[in-house]
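Here's the structure we're looking at; comments come further down.
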Amino acid sequence: MNDPTRRRFLFSTGVTSVVLSACGFLGATARYLSPNVLYEPPHRFPIGSPEEFPPGTATFLPEHRLFLFNNPAGFYAISSVCTHLGCNVRHIVGEGFACPCHGSRFDENGQVVHGPAPEPLAWFGLSLSPRRELVVNTRQPVQPEYRFRV
Amino acid sequence: MRTPQRASVRFHLAFAVLGVTFLAIFSWVFLKEYLAEWRTTQAQFDQLQRRVKDPHALSLAAPLGEIQQIWLPDLNRVDRCPTCHLGIDDPAFVSAPEPYTTHPGAWLRTHAPDRFGCTSCHGGQGEATDFRNAAHQPIPYWSDPMRSPQLIEANCGACHRERRPRQAVWLEKGREVIANAGCIACHDIPGFSLEELRAPRLESVGYKVRPEWLRTWLADPKAYLAQARMPNFRLEPPEIDSLSAFLLAQRETAPLDSAGIDWSKADRDRGRTVFGEARCVTCHRLEGRGGTMGPELTTVGSKVGRAWLFSFIKDPTHDQPGTLMLRYRFTDDQIRDLVAYLTEDLIDPGAPQASSEVRYVEPALIERGREAFVRHGCYGCHRFSGMVDLGKIGPSLLGIGDRAIEAADFRNAAVVPSRPNWLFLKLRAPDTLADQSRMPTFNFSEPDAAAAVVALLSIRRADLPVSRVTDQPRPVRYEPQGTFGALVARYRCLSCHQTRGWGGELSTVPLDRIGSQLQHAYLVSYLQLPSAVRVSLEERMPWFRMTREEARTLADYLAGVFVDDSLERPVPLDADAARRGARLYQTLGCRGCHSLGGTGGYVGPDLSDSGRRLKPGWIEAWLSDPGRWKPGTLQPNYGLKPEEARSLTAYLMTLSTDRSGSTP
Amino acid sequence: MGRTIFRVGWPRTDKDRAAAMISSLVLHIHPAKVQRHSLRASYTLGLGLTSAYLFGVLIVTGVVLMLYYTPHPLDAYRNMKDLQFVVTFGPVLRNMHRWAAHAMVVVVFLHMCRVFFTGAYKEPRQFNWVLGVGLLLLTLGLSFTGYLLPWDQLAFWAITVGSNIAGYAPGLGAEIKYLLLGGNVIESGALLRFYVLHCVILPLLAAMLIAMHVYRVRKDGLSAPPAAEPPPIEEMAPGRFPPSTRSYGLMALADRPAQPVVESEPDDEVLTWPHLLYREVLVLLAVLIALHAAALLFNAPLEEIADPTRTPNPAKAPWYFLGLQELVSYSALIGGVLVPTLLVLALVLVPYLDPVPRGVGVWFAPERSRANRIFAALASAAVALTLVGMFFRGPNWAWVWPWTP
Amino acid sequence: MDVFGRQAQEEGLSRIETDGKRLFVHYCVTCHGETGEGDGQNASTLAPAPPDFRASLPVHQPAYWKQIIEAGSVAVGRSPLCPPWGRTLPSDDITALVAYLGVLSRPAGQKPVEPAAKAPASP
């Protein structure tokens, strides 16, 4: 191998390694930035025993940002987060939900009536823990027909 | 001459080598991350769960490949133990090896991991994600390693503050040891109060004890009495001299006058009879038998003076206002005989003889004695007028469970410098840890000291949120007033009986609803002359020799106030039902524990006289659910139907030792 | 592509190389040509460059570490545990930041020694030496303020000791300590102040000083042996900048396009591109490799959570202040105040007090052997005191042998 | 030397067996005796007398013991003298008692088996 070839080979080896390492560095940085554990409320959380929510009531749970309804057919939970820009909607008995920020209106089932909201309010799945507490799972979206019976 | 302006091959070579090295070392960073211990542990678990579970259950299983974390903001804990202990809550893994196995016992049912985490009970470093750093074994720089099985109850005690936590035997025993040893006299200890402390007042001790006894006692209380509660202060002879001089000079309240007593007429045998009839052994030990509420009397004659003892039995509160001792209604002659028996028969032949000559005691010696008294914190236990607000002599034990222990704290280098070891040695032999320890030697047995260590370790520095703590309300002091109150005070009912959670624990019968349990006439006669309902019990109610009026007063009050309305209901008592009840009595095997007319077991009370003793409403309620009225009772719940309970009640109400068959 | 980056395309001729140096903002911190002598590894040892790289590494790792850090006593320690146990690549980054910080203290100190022993601080570089002293102090300050952030026992007590040493400063010592801690005790206020100092104020100052330092190197030229020294200042006309012989204008090359530039030049000068740049890349790689190796092999210490009620025995300041702590242990006033103040003052004044103008660009020039001897004595005294504090002081600050357990 | 650890060893009983022992001492010894020989204080008054566990326990299975504890000795066709505890004690306590009976039925000196290791897999 003559001098220039050798030089080129060595140089490109070095450059390749450095470029690969740089790519690795970018990848590692991206991985580093994505957290592995979260210090935030879990997606499944108990909200209390069913007796705390008497039949025919709608309870707003501000710390979980959801409404819990108990009607004759069973329990159901509707998110209070407006699908437009994330404000908390208000519940108006008999009318549905109204968002104070940009005037979106939803019916009792969280379906959009009018306003800028692009999607209906989310419904969450419910279950009963071994300690007989209602458990909400925000990662379990359900249809508006959903009712949970204890 | 172009070459100098080009980099030479040497540089290209260096560049290539350095570049490749860098790539290699950078790959090592990745390798290290993706070969982390918890990842391989999870991979092995994945293999395991594929064998153990069916595909459906598998799809519901926890996702692998990520760190599992329990975050408990109120406890300031982050536990990542489930990252490796993956089967802990799943019974399918009961036979799996560590770390995948199921948690033994039913503990997780009451202590759900998502609410309590793991380190709350077990200790260890919850943040860690590998075996070593999780502090399964002690590691440097983590002061709270995982608790060994012997110590884990200490962590129960951090939340369970009640004196007798369920299912934590060592903790319960340890708390009892701490309470009984009177640690609270010198240390502030959360959960313990000075009211539990019992020690005689010493303002008039100069009248009470014999000088030669006092010296022996001060030198080593256990030498006089193995059960002595007072610890050994390791006093030097000069201190014993000055302390006894100081104590013997304490003569505030003179004993009641016994000058008119003709001691030559004293009859020790009659005294012994009085001693037996009054059931003194319920509280006082004699030759290894009897209760422990009062001091042992085996050699009391070598300890106290005759005049003082006469006065004390006549009126115990005369110089000991808070004593648990009751005031019998003895005649002076009875007391004389009793005192003669106690002081002449119950002596220690080996005790040093009384030195009769009266010696002059320098005031300076007495003053030095007072200083020693204060220096050793004697006032902590022996409440002493003029010595209030001196403070506790020892440090507060708040946070003792977190106290850092350095190797330098141990003089014996062979001992592992751990917190439990330090506490254990401190309790067993305080003088072996530090030169100048003022803590006295308690001579705790090794199991007692170990239990106390568990209880002490449960006292942590950072307090838990109220919602996490379980406790029992401290009983409120109950002091009845009026005639009834005076009688309760005189006969010290609450030294043994409890009501509203207040009172002694010697008696198994709480007074809360006694008026609804027992018939009035029976109460009156029982108070006047108590007869044993449970023959197997050594500790029986004493014979107070109270008058009929006193007994009536007490019974009236008990029947009127200490009642439970739910028990005051009529039970139909017809003969048919009684016959059915008699059959039930046989088929249920009641005779195994209760005796009737002299036959049967003696675990439970004798039922021969229940028709005159008990109220039917109570019998029925008791039989229906004994545990409700008395947790931990040996009477099992037979699950009787209401009709059966009524039949048995009817039958029991027919039982009477009085042949005439009269009912009140 | 190359043209858009270097304005002259990928440089293939010497002229292009020189033009690239001059027309690129980034590369402009270098002259187009440098003396061969200045490039010798045995002359500079690459120490200034290494400290600059370490500073860069510290900035990069420090910024990403900030994403997982809350400057509050309740959280800071747990953040460290998270970095140690759950953040992907967290341990490596934390270790690298730690070791780079320590290495920077060492390298900056060695750089100062090199500059002194080669007489490189002499005219016209006197002021750059002063900037360098400032950078040394800033390096110590950066390391010291970062020491508290993990909020463990090591950090807490090192800072306790360190800030109390600061309290001995004459006149305003107590006030300095009060301002530094934002109070009288090391608590959340102190942690926040150290955090802001460590992440904002001191790095900004350091970056500014480094810019000035490098700019002056660029303008004054790299130091060189006497043969290439500029004419004495007296010969220059008043009001004119001192002529720079190390820094080439493009005109110097462009004037003579017909002739090969090389042949007309002194033999001891080479083009910055590739000779200097290539060496700089190699040093960078070496520094990175060393840091990664250190970070992979040795974990940054993390002790128990800070506990103000429990003092470790002995409580030691960060290692680079142990010499100072050793002095303070003899006398608070002389050791803690007088000696360090005089030392810093002497360091600042060195270039202005130096009576011998010669001896530049050569290691241990014989004509300045006395100055070298004095400096060597002081530097080794500082090192020796630090080593004593590190290894020969046990519980109760008693003398121990490092090999006895 | 671990002075504390040395003292706190509790007769080599597992946690559940310790619980069982506590319950046995509280509820059972008056008739069955400390070692289960049937020599408790109250035993002399019983006819038929309580059995000697050393002989009777090894013959039967834990499920049988559990049945007797829960429903009384009548449940297996014997005298009614051993009462039913099923409504008094929670099932965890009865499990613990059964575990302690396992200790009593072991020949003396045999090492206790950890519960995790002896329980069969239940897929």
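Read from first to last, the chains carry the letters A, B, C and D; within each, the first residue is number 1.
The rule is simple: a residue touches a chain if its C-beta (ideal position, glycine included) is under 8 Å from a C-beta of that chain, and two chains touch if they have at least 3 such contacts.
The shown structure was predicted, so the numbers you read here are calculated from the model rather than taken from an experiment.
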Inset, instruction - Indicate, using Cα centroids, the chain positioned nearest the centre of all protein chains shown. - result: B
Legend entry - Rounded Å distance between chain B and chain D, as computed from the means of their C-alpha atoms: 25
Inset, instruction - Please report how many Å separate the Cα centroid of chain A from that of chain D, as a whole number. - result: 52
Legend entry - Separation of mean Cα positions, chain C and chain B [Å, integer]: 65
Legend entry - Gap in Å, rounded to a whole number, between the CA centres of chain D and chain C: 74
Inset, instruction - Find every residue in chain D that makes contact with two or more other chains and list them. - result: none
Legend entry - Residue numbers of chain C (touch at least two other chains): 82, 86, 88-89, 285
Inset, instruction - Could you tell me which residues belong to chain A and also touch two or more other chains? - result: 18, 28, 36-37
Legend entry - Chain contact graph, described as a line, ring, star, complete graph or other shape: other
Inset, instruction - Could you please specify the touching residues of chain C with respect to chain A in the complex? - result: 64, 67-68, 82, 86-90, 93, 285
Legend entry - Touching residues on chain A, where the partner in the complex is chain C: 18, 28-29, 31-37
Inset, instruction - Please give the residue numbers of chain B that touch chain A in the complex, ascending. - result: 7, 9, 12-13, 15-16, 18-20, 22-23, 26-27, 29-30, 66-67, 69, 71, 78, 80, 109, 112, 114
Legend entry - Residues of chain B defined as touching chain D within the complex: 52-54, 91-92, 94-95, 101-102, 104-106, 148-151, 167, 169-170, 414-416, 418, 420-421, 423-425, 446-447, 449-450, 453-454, 536, 587-589, 591-593, 595, 599-603, 626-627, 632, 634, 636-639
Inset, instruction - Over in the complex, which chain B residues touch chain C? Could you list them? - result: 1-2, 4-7, 11, 14-15, 18-19, 21-22, 25-26, 28-29, 32-33, 67, 69, 76, 78, 80, 125, 127-130, 133, 141-143, 404, 406, 408
